[in-house]
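We just call them A, B, C, D, E and F in the order they show up, numbering each chain from 1.
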């Protein structure tokens, strides 16, 4: 039924950059040196794939805490590569499917890529593709075997492929042998105080005398949580103040901001 | 068969506020500050969803001991939000269904919500939706993967969605990664003596000189057990006294009340 | 196939009190204060269900060692309630069925009960309904999830339901969360010497000077084993004396009685 | 498919005493007091079933090491009972069947027994019926649940049933709760020196001056191994002496007999 | 589907001695006293089956390290028995079949044997028939239950059957209860120095002054490895010398022989 | 369905040397003595198969760390053997297939080989053929049983077969008994400093005064990682320098090379 599953798949995935752009809902702010460094290295690999003769397959893993910006970064690399074929493989478009159907969809993306001279495939949230859950642990071995083989299989003569994986469960991936299957691995971190400050300055929702205190409180937070917190705090204690704050008429009260952090951070 | 399951689902769930109102059989009594605080914060999130541009998806988890009032609270938020689409997803309406059918029903509720500009989905008793049992432990990984993806997937452009989850097995949810999937978490506690006293005063079934002793005995009890106990004690030792007590002619005998507590509390 | 199973079920279960009466093959002897107390409390709950407005669902668990009289006691409460709908759900009538079929049968009993203004459902030997076995342990999670939901789901407006469960594996039930699902729990014990003596006096098969020794030997024995032992001993050492003993012409020899106890009790 | 399996069963099992007699290939030798005592007690239970009014179901378990004579003893009780319905349920006639088919066959034997006023059912080698294997351990829970219910379910009004079980894995049976399901349990032991001597005297294959040494060497051996050993030793060291020995012309050489024991006994 | 599997089996297995002879590709060399002793004892059992009246079923297990000559020995006993029905049951002819089909094939061999007055069945490599693997461990319980019953079931009146099993995983067989199911067990060992020397003398590939050193190096090696080693060494260091050595013109160089041992033996 | 799977297989695999040549994308560089020694020994076994009469089946396992050159080495032996039938069995051509289909494909390759007088079968990456994953661990027992039997089954009269296996999970293979199933095992190591230097000299991308430092940094690296590293470093820090380096106009900067190593090596 794997084969029938293979045929049931919708032939094309549509213009992919739409999907890629959705991964960067708020655009890309400058959020520190480490993020920038990873971006540059990844773009070097893109070039290597383009010019290399000996290594038609280059694989690279971005790992780091949940919400640290891995997917957004991969999507940016994909968009900036200007390769003719760039696809993101995500659990979102495969909810509830049987593991062999998921498997077939993943294989299809690779088969399609093999037809293009230069391709990028983003395997987003690999632990979710593998249906991983820590209890047990449980996961789909069919899909993990498929990825293990696909990450090693060379594209046909003359074709070149870059695979970018993302995960927030790097130790699980390691234990199924998927880390070793990637040639290069980069750690995408949470924000440090200085990184957070940079982002806050771009957002301009705090009074100048509060911005250091706010950045300090955001130390070691993933970029995703930072955005969520700003939104919560912008409502104000009694609601209704969001418009004023985003338009710059008011600033977020630092004390209310501290309260919001307590709702969001679990100890 | 997931897809066929998807089609087999009854198209509409009917006027949802009926279902929500059934969750508050005895209306909503004032049962203390903590309950009030959570209600207010949840209503702020409702407003945030309404006005926000950057975060079209807000998720919030209510966790706490069995019978502490989580479902009633969620239903109240849903009713008070005045959102055009408010649905409760509960194991009650899916008894005996296969896990992939349950999965399809849950997905359907989200797909329906994506069509409304403003929606609230209550995932009630998540451990029951996941068919969790502590021995093993066992649970449906298909459903847990589905929830993990749905709690992260953004609604389409211009649509906004708030998801409220409830659970009395927070450590299990944590171990499958579902706690981290919610942006905010609130703990809904049992009643303290002072909370219990407030409720007893509203019920008016004890003599004034007994009310403090009764409230003391109810310390750390969930609101559900409190109501059950009052009903039991109101029958009287030999039965037949319920009418007199509810009409206010008689009061509950404190000693009989103590005996009833012993039947209900397990050591 | 759960739904088809649901339709395949024979519509009515027949006059139920026949089934209830079979659970009390030897009638009900007076076997001590604890048994009497439980009976009275259970009958108070019956009345509560009848008169209550706030709690249309009352649930009660009888737990205790194998053969201690739990099923007989539940059946007696069911018969004495005079409710129009009283059903016993037992593994006996579902031997060899698939767990989803059993599940459907159980749901059907509840659906039928929801049509009657006042109902009692006896879930007899819950560990057997759950196909529990200590090795593993193994059990049917489908059935346990079904019971967890049914024990919490309110009957429709204006209908009232009492559920009585019995089990001799209370710690297993606790570990799957089924104990907490019952509002009240009573422990049905083995017989103490004084309880056993009461029963022996009613049976009149020992000489007066032996009755205390016999009762002493029966200390801590479940009522079921007591009846089995009397039958064995009544045959006499060489067989053939049963008629004489039951007609009162002869008495059971205390030494032979001791020997029989040794065959029955495992150390 | 349990039900279809139920219908596929061949209606009658044939004259059962043939099957019973096959269990005693060498007839029944006198092999000591303990075996005799168990036989007598079992026959008393047979009588109890016949005359009792209060206990229409009597259950009895014979447990002991492999080859100790449990099946032969049960078959003898069945033959000597003169009950109109005596059946042996054995794994031999169900090789390779699916567990639900086995289950249906077992239920069928009980349903047939319920039609006879007096019946005996022998559940032979219960661990084999349950497909038990120590690694894991693994076994059929469907069959074990079926037996647990059948051993408790009363026959219809006016019918009486005795169930005899045999097992050499009593601790496994205990751990699945099957030991407690039997009212009485007897341990069928290996032979002691004195028991072995009795059997050897009946066989008459040793010289008088060797018989005590031979019996001593057989201490703590099950009756089955004893017979196997005599056969092996009777061939003689170089073969060909069996006829002479069985006809009484020669005797078994005690030294060769010792060698044979070493082949058979594992240390 | 067990039954359909049963019918799908090819009716006859062909002239079996062909299969038996293939198990002894190099003929049977004299490889020491222990091997000879086991052969003689097994032939005595063959005679016992032929003449015995009381034990129509004799079972015997050959266990020992991989490659020690168990299968060759069993085949030799089968050939030398001159019984009209001698079959070998081996995993080789059942590759990839479902366990219930394998089961049916095994049962078929026994059913065929029951039609012959005198039969031998060789269950070769029982751990392979059981699909045993040490991790887990995993194995087919259906097949192991089938063997447990078949090894105990008596052939019909007047028929006699000998079953010879072989295994190199005796402790696994013990843990599933299969060792106890055989009446007699023999350990087939590796070769000792003196045994190896005997075989080397027959092969005549070493110079006389090397033969003791070579035999010493082969101490505790199974006969299979010995043959493999001789073949490897006979190629010579640079290849091409095999013909000269087998024709006796050259001898194996002892130093090269030592090197070959290092490739083959794992530490 | 194993049999139907067997028939569904495409009859021939095409000219196999194409597949073999793809395993050596960069040709074969001289990478040290150990690799050379293994090649020579393997070629001796090829000759043994050709000339031997007694051992028509020779099996050999190459094990070593991921990327150490095992597959390339096996392919080279296959190509250099000049046998009429040389096939590589690899997980790449069986992605997503059910384990019984994989099993049938493997069997088919052996059946085809049995028709050729001289054959080589390469079982590449056996842990991947077995769908092995360390968590659990999990793997396909059907396939492992099939390999265990195929590695022992003799080809038909007059046919000869060599089987070469490769694995980077030798301890897993050992624990399922597959190591013992191979007659000979060779360890294919990572490169030592001196081996790496040899390869670097052939590539000619470092300045002479850097080559020793570079080789030192590559100590204990598998050949695969060495090639990947050279490619990365050849892009230069800012990209664009690859052509100049490969054409010999520029050399790799040793400091940038060190940085690349840090991206690739995980601590």
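Keep in mind that, in the parts below, a contact is a pair of C-beta atoms (placed from the backbone, for glycine too) under 8 Å apart; a residue touches a chain by one contact, two chains touch by 3 or more.
All values reported here derive from a predicted model rather than from experimental measurement.
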item: Minimum number of chain-to-chain contact steps, chain B to chain F; value: 2
item: Angular offset of chain C relative to chain D [C-alpha, multiple of 5 degrees]; value: 60
item: Copy pair chain B, chain C: interface residue numbering same or different (half cut); value: different
item: Between chain F and chain D, distance of the C-alpha-averaged centres to the nearest whole Å; value: 58
item: Inter-centroid spacing, chain D versus chain A (mean Cα positions, whole Å); value: 67
item: Junction residues of chain F, two or more chains touched; value: none
item: Arrangement of touching chains [line / ring / star / complete / other]; value: ring
item: Chain order, ring traversed from chain A with chain F following; value: A, F, E, D, C, B
item: Complex contacts: residues of chain E adjacent to chain D; value: 2, 6, 41, 43-45, 47-48, 51-52, 54-55, 100, 103-104, 107, 137, 139, 141-142, 144-146, 148-150, 152-154, 175-177, 179-180, 183-186
item: Interfacial residue positions of chain E with respect to chain F in the complex; value: 22, 25-26, 66, 91-92, 95-98, 128, 131, 133-135, 138, 225, 227-228, 231-232, 235, 239-240, 242-243, 263-264, 266
